[in-house]
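Across the two complexes that follow, chain A remains constant while its partner is chain B and subsequently chain C.
What follows is the complex of A and B.
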């Protein structure tokens, strides 16, 4: 528990995390404002699917900040050395960090969902789709999983640029994983494509239909698998 | 001066890995979608990373202090850096711009539109220079990459109707950002 509190303190003092929080709120609400006046069954949910940029930054920065080398005048060290001296059990350290990321991502997802849905309902009035608790839970789940996905990939790579680039490019309107679905239907089972099924009804021309519950299972499997892989690599590797 | 900047750029492993991965991703995506110019939309990410890395790598260690001791005229130093960057980027951008159409030529027999290849090459080179200027302003690799990718891949598709053509935006913003970067670089404490 103390380790989780320490990780939360670290996250809270990173300027990038505050930037990530701002992005998490601004991006989906901004897209919702630009799309105002266009009704549809997925209005609001679609914006939240594209607006995950904030939690991606959160997950990446939580890890990459540990690996950043300080300037020579600040000793040229890395945060990670200090962290592992304080919490020598690597699994416990990683679990505490993932826990802290979840503790930040969940309230952010709630806030972003509430703000986006409020905008959709104010701009569309009675033409907006009715709120559905299951889909809203899906949004929060998708955002939290995306943060953990970014977290696990960054642990594996020990540098933030590659996961940040790949994941951000993939939040584009026509994502790379979506393009891959035209090549093979297996691409519908990528974590983002499957996870979106928790709350977005139709994706493109829908070659494969995945029910929301299966989407949840597929994305959970990806996240769990990558976290286990990250933990396994992290415990074996020289920090 | 340009030669010094070139040797710094060429000795960064990140330069070669970024450009190689961008080309590889571009070729792969061409096969996947089999449309000449769409993969370039994604390959822009690689050039953004390259441009930001080129200037931000000075700030990860203490390289910038050595650089400015040797070349105290800051605007000239920055100009040399951008010139060196352009020298490296131009052939890489040409390779990426050519890879898509030449694959479609080999597979489908569609003739290569050289005017379009030239336009894509210019676009990618300017984009790299803009990224380098943003890197100078932010002095932080992740922040620069995040900001630019956020603008291009997240915000731009939704702001499309409010913005002029991509190329026009870029041609206008390149000199503006280069000048702003030079002014900040000159006045700010390194």
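What follows is the complex of A and C.
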């Protein structure tokens, strides 16, 4: 548990984590405000599906901050060497870091969901869809899983720029995984496309219908698989 | 030369034996072995690229050897019960993230080892960083970053200090500080192992010398033994490592 507390202390003193928290709250609530007055069964939930940017940043910077190299004139060091001399077990280190990411992502997801749904219900009044505990739990799960997905991919790549760019672009500007569903129905089983089914009823023209529980299982499998792969690679390679 | 009385209680013997490491088909360590003992400063000397950093990184469990062992008190680093209280390490730069303050960096390391927060102020004072503790590490000079790394290594008041090129980038005052400090650590019965490619700076600081060249140990012994018939350690070093392409 000491290792988890250390990882939480690291996250709390990293400015980009505070940026991540701000994004997590501002993006879904901001979109909800832009969409005010447009009723629909997925109002609020769609905003929260786009709003995962904050937890993507969280998952990426939690890892990329370890690999960030000081400039040559500052000695060219990396925090990772300090981390692994303090917590030599790679598995324990990675588990503590992932645990800390979850401990930050879950309350962020709760706060963003509460704020977004509050805006939807205030702006739409009786036209807003009734709150559904299962779907709300789906949002929290999707956000947490997305943070862990970003985390695992960054461990594999040891650098933040590529995963940050790809994952952020995919959720905001152009959803590559969504476009791929135009070519193959298998693309509906990408982690984001499947995971969204936990709380969003309709995605595009819906070539494939995935029930929420199957969506949960598919995304769980992606997250577990990538975390295991990340741990396997991380424990084998030189720091 | 400095002689030290042995102090048994603290432990902290470093034993390295038969380390082999290959990278990209090239053998960068070819059976490196030596010992560093408590109460003594051991200088691990060699030209750049000789294998000093690789050896120290394997000793700290950061890199993996293909064969051989590197032990502290008989166990590999990864199996030490309390690494921060046993070994302090100073590697490249500050080892801290540039957007965190020096104090925040020390705080998470202290937390990871369950050390009291009071240690943070103690080590900051020890290395003379108290006034800069609230500044972001990215604003530190090279020398300040090195002091922060030393403060981090000292948090757990460890019985072993391992330093990779601790004098690099330091001004004369910093060099003098580190030299005096390391001598005091050894005098109190602790083990100090430092690598360097600067011979002249080290002769007054080390008790024992290990010379590495092209991944092989070419000499080891007390300062007097390694210096031998040469005029000084620097001459001995160049004679031992001649032809290594400096």
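FYI, the second predicted complex is superposed on the first by the 233 of 239 C-alpha atoms of A that agree within 3 Å, B and C clash if a C-alpha of one lies under 4 Å from a C-alpha of the other, contacts with A are read in each partner's own complex, and residues count from 1 in each chain.
Operating definition for what follows: a contact is a pair of C-beta atoms (placed from the backbone, for glycine too) under 8 Å apart; a residue touches a chain by one contact, two chains touch by 3 or more.
Keep in mind that what you see is a predicted model, and the values were worked out from it rather than measured.
K.L.:
Check the residue A:94 against both partner chains and state whether it touches chain B (first), chain C (second), both, or neither.
P.N.:
In the superposition, A:94 contacts neither chain B nor chain C.
K.L.:
Which partner chains sit in contact with A:79 here, chain B, chain C, both or neither? Use first/second/both/neither.
P.N.:
It touches chain C, and chain B stays clear.
K.L.:
When the two structures are overlaid on chain A, which partner does A:238 contact: first (chain B), second (chain C), both, or neither?
P.N.:
second
K.L.:
What is the contact status of A:31 with respect to chain B (first) and chain C (second): first, second, both, or neither?
P.N.:
First partner only, chain B.
K.L.:
Examine A:55 and indicate which partner it touches, taking first as chain B and second as chain C; both and neither are also allowed.
P.N.:
So A:55 meets neither chain B nor chain C here.
K.L.:
Answer with first, second, both or neither: which of chain B and chain C does A:173 touch in the superposed model?
P.N.:
A:173 sits against chain B, while chain C stays out of touch.
K.L.:
If you stack the two complexes on chain A, which partner ends up touching A:160: first (chain B), second (chain C), both, or neither?
P.N.:
A:160: touches chain B, not chain C.
K.L.:
Touch check for A:226: first (chain B), second (chain C), both, or neither?
P.N.:
neither
K.L.:
Once chain A of both complexes is superposed, is A:17 in touch with chain B (first), chain C (second), both, or neither?
P.N.:
A:17 contacts neither chain B nor chain C.
K.L.:
Using the superposition on A, tell me which residues of chain A are in contact with chain B and, in the other complex, with chain C.
P.N.:
16, 73
K.L.:
Could you pull out which chain B residues touch chain A in their complex?
P.N.:
Residues 29, 32-33, 42, 45-46, 48-49, 53, 60-62, 141-143, 145-146, 149-150, 153-155, 157-159.
K.L.:
Across the complex, what residues on chain A touch chain B?
P.N.:
Touch list, chain A to chain B: 16, 19, 23, 27, 30-31, 34-35, 50-51, 53, 57, 60-61, 64, 69, 71-73, 160-161, 164-165, 168-169, 171-173, 176, 179-180, 182-183.
K.L.:
Using the touch definition up top, name the residues of chain C that touch chain A in the complex.
P.N.:
It comes out as residues 57, 60-64, 77-78, 80, 83-84, 87, 89, 91-101, 104-105, 107-109, 111-114, 138, 140, 142, 145-146, 149, 152, 168-169.
K.L.:
Using the touch definition up top, name the residues of chain A that touch chain C in the complex.
P.N.:
2-3, 5-7, 9-10, 13-16, 65, 68, 70, 73-79, 81-89, 236, 238-239
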